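When the chains are written out, they are named A, B, C and D in that same order, and each has its own residue count from 1.
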Amino acid sequence: MSVDFIRVCRATLTKDLRLEWRSRDVINAMLFFALLVVVIFSFSFDPTAEESRHIAGGLIWVAFLFAAVVALNQTWARELRNDVLDAYRISPAPANALFLAKAIGNFLFVSILELLMTPLFVVFYNLRVLGSASSLALLAALGTWALVVNGTFFAAISLRTRSREIMLPLLLFPISIPAIIAMVNGTTAILTGEDSARFWLVLLGAYDVVFTTGSMLLFETVLHAE
Amino acid sequence: MNDSPEPAILLRGLSKQFGKFAALRRVTAEFSAGRLYCILGGNGAGKTTLLRTLAGLSRPTRGTVSLLGETDFRAASPKIGYMAHPSLLYDELSGMENLRYFACLYGIADEARCSDAIRAVALDPTLTRAVGQYSQGMRQRLSLARAFLNRPEMLLLDEPFSNVDLTSAQAMVRLLCDSRDAGKTIVVTTHQAALLDGSADEFVWMDAGAIVNRTKDWKLSAGSASELI
Amino acid sequence: MNYLYAAYAAAWMIHGSYLGLMWKRYREVKRERDALSGGL
Amino acid sequence: MRRAFPILAVATLAFLGYAFYAAWFVAPTEQTMGNVQRIFYYHVPSAWTAFLLFFLNFVASVQYLLRPSEVGDKIGKAVALGIAALTCVGAFLIKPLPYELEPGAVATTGIMIAGIYFLVRGFFSERGTDILALVSAEVGVVFCTVVLVTGPLWARPVWGIWWTWDVRLTSTLVLWLIYVSYLMLRKLSTSGETPKLAAALAVFGALDMPLVYFSIWFFRTQHPQPVIGGGGSIDPRMLRVLLINWLAFLCFASLVCWLRFQLETMKRDVEETQALEALLEPGALR
């Protein structure tokens, strides 16, 4: 009885969303954390209109990275609480279905954080997008997926290490450097409207393809390494 | 009881070590199908490690494990029902939601299977309370229901009766006996051997990672088992 | 000119400290190996 | 090999001494930068050695992951041969090779890549590839540290700045970060199958490198910065000293790798024996 990939993936995703919705306190805590990050960033960098547009790209993405890492650390928290991961490992369900569902769940979760933080940045830094807003949205989506797909994979690896919370950023940040460069410079290019972010979009697309495939191929090994 | 010639579980020199500590020491044993085995032993005797290795959750350091004729641990696991100390359930979901999700993992879409499993352990399928608020005994019984869900050929149950009241425990034993008679191979580890008196086909005594004795009756601890029941 | 000395000196300090670390680990492993009753 | 070690050690030391002498006295002094340019003879060869070691780590990690399954092993061999064939064909077919690369060099690199793959596959057992991955990562990080220390020491007197976002220097920094996190993972992992996790990370790191290079290259074209070591042609005498130093570093690196390999093998043998002893006397360690 080969288990249908899509059905398992959808079931896991809906289960995760239901769990998040049931214990909404985790989401509220995360949203408040994101708000704090934006406010503190606004204090530490004097947002006068002129050059704020140039550094805003960097600030926004570092803030998103910060919030994303805290969210990614929670990826496997529920599976660990009652060793539910063992139940998954024993079942014939494909490991990639679990991975994809977790990655999509994280993507939605981090996107919600970003959707909340962006207007705050616009307010605090009174930003106006000079370039094309649609490519900014595409850049944000590709960038978030780049962080989330690797984040979910490395969160699974860091399950097997001693200091779990610190291990995730240690593994995630070096590998994500090209994605971070692309996101920051792409956003600045669009905000200032000076040059097109086409190269950065292509790079992020390549990054997403490479690491989604890599994760799908290697996740089974990581899941069963106990 | 069908004595199928080829044993359900075949262990050859099975060892499992965590660094220097040897949880299992070159265990060689055969367990035939359609039988209920009760594994007894003090803490740290290796009972849980043995079950986890049988379930394919931890790989042996040395030696081989063959289950239902398969040596690749991934091939046999769908035919296995496993129950451990932790509940392997989501606390925020209700009983039915949990089972519906795990049924999906086994490719089972039919709702009735879940409600039958819950009724089999004398729980109410319409209970909407989250599993987190269940009593420990109820959670154990739901965990047993989860292990039954995929109609496994083999059941590996790690102390299923702990924190369960006497009547429910006896109901669980009857359930295990019926499954054994239906041909399932069942391996149970427990500290309450008395519950399985007369039901278990064989009592296996473990000490310090090795099987020290196998008897028909749990009272006769002829072997060196220091197990205090 | 002293940047040149600094660079070469730094290079060999780095290599030296790694070899030193390796030597220390070697001594530890050697002590454990000799402590083995059977020995290798 | 064990008996030959002292001879090889002395030979390598002598070679290093000669390379040092060549770098300081034989090579001509560069007109604009003066003597401080001689850092070049340690900076660049250390980088090349580090890249080679990290490539060795990648090959060993891929093999560690692929070898258990026959299908995987076949795929590995096919890909390695494919790369060699493609680079050879490409080298001679694509007439205007970018960056004035000449076909011979490209073809030999392709063949070298496949060669290293099959050498590692032939000479190392499964445990051996894991030890090789660990060893090449560690020694690679050491050489990478040398590059990252000598880089700023060179940039400071010449351009007055400690760090320049030069494509190669920054890629080396990212490579260093990735492999330090690789070594951290190996040390902090409590899993029984740490080599598998480390191999997965190593593959990710290698997949990351082309993206790192292009993102920094494009980033640099938007913010032009001085380039360490300059591109373009180089005085043949300098080139000769550079290659001498590189060869000396390669000998030194392989010697250190061999030593570290023996140490790691011994450590694992001791651990295995201790585990075996713990297995035999029951109850002792309960």
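Just so it is clear, a residue touches a chain if its C-beta (ideal position, glycine included) is under 8 Å from a C-beta of that chain, and two chains touch if they have at least 3 such contacts.
The shown structure was predicted, so the numbers you read here are calculated from the model rather than taken from an experiment.
**Q** Taking contacts as defined above, which has more of them, B-D or C-D?
**A** Looking at B-D and C-D side by side, C-D shows more C-beta contacts.
**Q** Determine the chain that sits nearest the middle of the structure, using the mean of its CA atoms as its centre.
**A** A
**Q** When the C-alpha atoms of chain B and chain C are each averaged to a single point, how far apart are the two points in Å?
**A** 51
**Q** Using Cα averages as centroids, what's the distance between chain A and chain C in whole Å?
**A** 41
**Q** How many Å are there between the centre of chain B and the centre of chain D, using C-alpha atoms for each centre?
**A** That gives a centre separation of 50 Å.
**Q** Rounded to a whole Å, what is the gap between the Cα centroids of chain C and chain D?
**A** Spacing between the chain centres: roughly 20 Å.
**Q** Tell me, which residues of chain D touch at least two other chains?
**A** 192-193, 274
**Q** Provide the list of chain A residues touching at least two other chains, using ranges where the numbers run on.
**A** Counting only residues that touch two or more other chains, chain A contributes 226.
**Q** Going by the contact rule already set, what residues in chain C reach two or more other chains?
**A** Residue numbers touching two or more other chains: none in chain C.
**Q** Please name which positions on chain D make contact with chain C in the complex.
**A** Where chain D meets chain C, its residues are 20, 35-36, 38-39, 42-43, 46, 138-139, 142, 145-146, 149-150, 153-154, 156-157, 252, 256, 259-260, 263, 266-267, 269-270, 273-274, 277.
**Q** Provide the residue numbers of chain D that touch chain B in the complex, in ascending order.
**A** Against chain B, the touching part of chain D is residues 192-193, 274-275, 278-279, 282-283, 285-286.
**Q** So in the complex, the part of chain A that touches chain D is made up of which residues?
**A** 150, 153, 157, 160-163, 167, 170-171, 173-175, 177-179, 181-182, 185, 195, 199-200, 203, 206-207, 210-211, 214, 218, 221-222, 225-226
**Q** In their shared complex, at which residues does chain A touch chain B?
**A** The contact residues of chain A facing chain B are 1-4, 7-8, 11-12, 15, 18-19, 22-23, 78, 81-84, 86-93, 226.
**Q** Any idea which chain B residues touch chain A in the complex?
**A** My answer: residues 55-59, 77-78, 80, 82, 84, 86-93, 97, 101-102, 104-107, 109, 130, 146, 150.
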